[in-house]
């Protein structure tokens, strides 16, 4: 057992550049430490729960010994009494990549032509492109968890779509945690490269089975490169166990005429942060960055975006909606940065949140940073409770109060779920949003 | 009608970005005349009005335009305006926070200063504005509102007309002055414009439909297609177009 | 104490638009440079202060010594050497002139030149009472007798400490404690003068009260402190203006304004800040670090801040409202215009504590030249602030390709019945708007100033009329050279 930074042997330690990056990650994580109250970027989200010394890194001896004697989850049976059924499949066909407790499982589908999918570590050995992309756009000095992730860089998936190749089915990355014991931590690194004119849809699904009170830590970094005229639709459902810590960064670079659409629904974890840092590097690059959260209990769930418009005629649009009950805290931080000369750009951002209980909290920091005059930028933020008039109206028509509330909440979230352009995925999210958290017992 | 030329356009060509829109356009308008330019949508009729007013982004590639004998094209936008060139715009822009009265007072006094006339004092100006406004059905309250902000299409056009009656330009261009107007508002606006007609000024009415020309009766009608005038005639030409459409002219090229 | 004569510096009049850049040639009495306990004791002694106040200063100083200058603002300025400043400078004159006749005519002339006549009979309308602060001290307060009839106290804070110690002690430092922030601690240690206002119960102040701040001496920090107390059912409208001579080096200004508003009382505080902004290359100018805060302690209390900020090389200022009393109301209306190399990081805080409290923020920022401007605001709703309401609107206008405009609002809601709305837009003056104005014969520069004034109108209409006219002129002057 040990703290967040442990001495472990990682695959690929014979590759100097990889070791160099890991070492730099260790250094920069140590230099920064965990964010504190004074870390502006983490002002509202304090990962206090990570200040313990009892983390078990996935895939290490300690983890495996547990697996052998306690929980043979590959067979779906576990001595802890939990039945670990790999999560129910998506409701539509997909290329499914499975991670079990942070370890990528063998791929059991045939790869379409022009598409490479393999474990990151294999790609590091086999694909020349990896070296020129991996870690290139990550500012580890300002992203402590990305630095930590880099220190452990090994597990994760490499996805590359060649020029002008369009994938017909979505790629689903299922991250399943067998939460039958405590303190497991996984650091996943995914590298996704869409070459010029390529098109793909990627769905990340984080879920768990087993002890819902189990504490574990997932730290994910996605590096996403979208080539000229390429199009990536990136969806994510975060439905971790309610004591879990989930921290994710998607670093996205979009080139000329490239298109990035993302939607993330967060409904689980004790502390979660889904962060997107998107650079619209060249002209006409465009991003839709939407999100929703519906949280309860003592959760703190954070949606942070930072969109850099670095070139003229780039566009970004953000809609984030949250519903917060119990003692939970919803956090939204959004930044639109317009570089000098990035003229004729458009950036819009809207955050809305509903508070359902007296103890719920919303913290919001929408930010504009603008260095060019010929731009159209706006942001808006609103928070409040359910409309009493609307509730009264529905109850006067005989609808029970709880049901009326649910109808209003559904309607509230539907607006943002409807921004998803893939119908199958949209329906899947609608279904997911209606499932109460914590109900999926094994 | 006299034979004193007010506006002389010779062989005018102009482009927007890389696209040639006006190609070898010729027209002379004398004092006291009303000319109408009719043409299909997208023919570049508005471009002609912007070129004459000097809007940036509209580049003259060849030709000459003389206004009252002076070289119009070498003047700045505001100089042309102060010389007496006025454009009723199809889509007047909103300027938040700037009251109609404030705006017009600046405009009137800028023009007066240019002609070495004393500035109007606020009392006289307000009196004039309210009187003219009343004729056009513009309330005192509307005069206090920020210019064009939240105005209906009809209100905007009435306000443009009000500016015409206050600034008394020698040459007015009406760019689709009837768009967004219902029958009643059209009547008010055209009466306001007709009242300004005299033997020293002139007008260029740019329109797609004949409708406006029933109220503001032109002396000459020109059909505009492919960047220049393809046919000229009297007011009867307008009726002919109303009946047959523009097809024969667009085919002619 | 050393005595020194100010060397008059002739401001370069040619083509310079800052018309308040002159220096008054007057004998000044100042304490030695530097900051230590001795200096603080000296300032306190000079002002014949009671022990509690000296103690307050020393505690502030001790606290300040362990503090770090804040770096979170989007501001870039040379490090200030706090030991290289004079902390006390006063025009040499009788300690407290009994009447205006005893005031140095040069001072009277200075204020006249600034458009602030101090001789009461010369004020035509007679509606504004003025406290004139010159460098570190208040030199004159007008209309005191007339105000005294109503029980209103309007005097320099030094005098208030002597004449009304109970009132001052009761409220001083209760809204902005000496531990509040780096500049507030500094001010608490070394403040030299400022204005004090007390409006008794049930009194509506019959005229606008005004303080006019003037920095004159070289290398001298100005640390004034203003305390306004509006007792139950009272009302006052307060105006603040500021100018400084044009100097090549930067001048430091670190002020505090504290306002206490009790039951059903209302305070309107308007500022037109026109400290010397530096020249067109960014040389010189005032560093303006100000802590302004009002506590609405009583029920139905209301505070309204209106500011027009066109001056200073660096502005760091967040006039705030602490809405403690139930149904209390806070408002913030701001126009900030930066040009050349000016930098402003300004905004407000609305802290909702009482029930049914409402706040409104209207901020209009105009950036031109190479300037950078940030709106930074906080709206916080505490768990007990049932039915709190906030509406915030932050609009920015950019003029030219080299300026920056930033919006950083913080919204923290811990009460479900609160309704908070925030909107922000960024735009430029559109080509269409300019063309429209020019087509009507209005030249480009006038068109820009018309459009900018239109953009600010929502804020300007909250200023008292005369102030509004002055502010509009100031905006036009400050915009000069930003077009074309």
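For this structure, a couple of remarks:
A, B and C label the chains in the order they appear, each numbered from 1.
The rule we apply is simple: a residue touches a chain if its C-beta (ideal position, glycine included) is under 8 Å from a C-beta of that chain, and two chains touch if they have at least 3 such contacts.
These numbers were taken from a predicted model, which means no experiment stands behind them.
Viewed as a network of touching protein chains, the structure reduces to a simple linear path. Here B-C and A-C were compared by C-beta pairs in contact; the pair with more is A-C. Chain A and chain B have CA centres that are 57 Å apart. A straight line joining the Cα centres of chain B and chain C is 49 Å long. Work out the mean CA point of chain A and of chain C, and you get 45 Å between them. With touch defined as above, chain B holds no residue shared between interfaces to two or more other chains. Against chain B, the residues of chain C that register as touching in their complex are 430-433, 435-444, 446, 450-451, 453-458.
Against chain C, the residues of chain A that register as touching in their complex are 40, 44, 340-341, 353, 355-385. Residues of chain B that touch chain C in their complex: 53, 55-57, 76-78, 80-82, 86-87, 89, 92-93, 95-98, 102-104, 106-107, 110-111, 114, 146, 163, 167.
Across the complex, chain A is touched by residues 72, 383, 396, 398-428 of chain C.
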